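Here the structure is laid out as structure tokens; the discussion comes afterwards.
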Amino acid sequence: MDKIRLTRRFTFEAAHALAHYDGACRHVHGHSYKLEVTVLGQPLQEEQHPKNGMVLDFGDLKKLVTTHVLEKFDHALVLLQDSAPALIEVLQHQGHKLLLTPWQPTCEHMLLYIKEQLLPHLPQNVSLHSLKLWETENAYGEWHAADNL
Amino acid sequence: MDKIRLTRRFTFEAAHALAHYDGACRHVHGHSYKLEVTVLGQPLQEEQHPKNGMVLDFGDLKKLVTTHVLEKFDHALVLLQDSAPALIEVLQHQGHKLLLTPWQPTCEHMLLYIKEQLLPHLPQNVSLHSLKLWETENAYGEWHAADNL
Amino acid sequence: MDKIRLTRRFTFEAAHALAHYDGACRHVHGHSYKLEVTVLGQPLQEEQHPKNGMVLDFGDLKKLVTTHVLEKFDHALVLLQDSAPALIEVLQHQGHKLLLTPWQPTCEHMLLYIKEQLLPHLPQNVSLHSLKLWETENAYGEWHAADNL
């Protein structure tokens, strides 16, 4: 049975700032991020099984990404920890949702973090093929397993 | 001469139902499927030839996919044969367009079927690189030759 | 550190004609071309550096493609040199922007030309992964380094 790639697309609204950046992205700003998560596997061949013919139920992929990725990022402000202590303190005091990271929150680093969040939770019969993250409609990054064997 | 991938995108309207599925997809429902067919080859280098500089004429790729794929699926109901004999009999009696398959009509299995329909009809100078099939705007599957060497 | 692919998407308006073609594309006509340029590399890990966490600044990728590709193609008419001397003479006389090429201006050949324009100008820490060029919303070509090792 041939292998098939399955992809589910998501949107989340997040803010970030790039510490030490030499341009407008130094300021706190936000994006309507689009995220595509692609898994690879063989469709199940069990005639009476509810998931017959599926690599993974699109609904299960959605739940997995919602729990392990979207709930962390959606409507959050992602900041390099220690980059702006006064700002972070005020926002925390006001109850804003923050994701403080040991890495600069570029599109590239967010992809690597998302990969780490998802890998331990994928079912055994699929592998993580790739991730695609749009910062804007015209700019996106991708992590591919095949680039990192 | 470098190899180039060429892709044509299509839409078709089809219904399906997933027998034994444990959710809403058990019911007859439809999608505006999007399909991308990608071939790989070298652009022709013959100065006076009408197809000079082309891997394949986009128009020829369109005709090929229309004849061998879209005409089967467009405005059809795709059902696992034997899954609902009474329903199938009534629909056939009323002249509906049915595609009865020995496989569960998931996105995954439709991709494998589309691959089988296209492979015998591609010109010799190109190979089928991949197929991409959207069930919805946010959920799609892909078959890639490179995943199945 | 994992490798990441970065893509920037562009639009340009250009006209072309395909000499000797056996269809409507023989006539001068235009497209709103979309172009995606994808580079591959490792995100920079230097905490105080303005580009920390980036493979390449999306803004730098934009400048590079604008200078070396868009400025040649945007609002230009691309014609096979010697294909229509009388037409070319009149258009030149009237000050139109022409790109006269030794190759038939198909989507395939434009990709190869764009590759040649970009390769000498990419920073050393990234490689050109792929190019994707849409002639219309439903028809596009791609050049991939991996297809041409």
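Chains here go by letter, A, B and C, matching the order in which they are written, and residues are numbered from 1 within each.
One rule holds in what follows: a contact is a pair of C-beta atoms (placed from the backbone, for glycine too) under 8 Å apart; a residue touches a chain by one contact, two chains touch by 3 or more.
Note that the structure is a prediction, hence the values are computed from the model and not measured.
Of all residue numbers used at the contact between subunit A and subunit C, under half are used by both chains, marking a mostly different-residue interface. Rotation relating subunit A to subunit B, from a C-alpha superposition: 120°, rounded in steps of 5. Averaging C-alpha coordinates per chain places the centre of subunit A 29 Å away from that of subunit C. Not a single residue in subunit A touches at least two other chains. Residue ranges of subunit B in contact with subunit A, taken from their complex: 18-23, 103-109, 111-112, 115, 135, 137-144, 147-148.
Subunit C contributes residues 2-10, 38, 40, 43, 47-55, 57-59 to its touches with subunit A in the complex.
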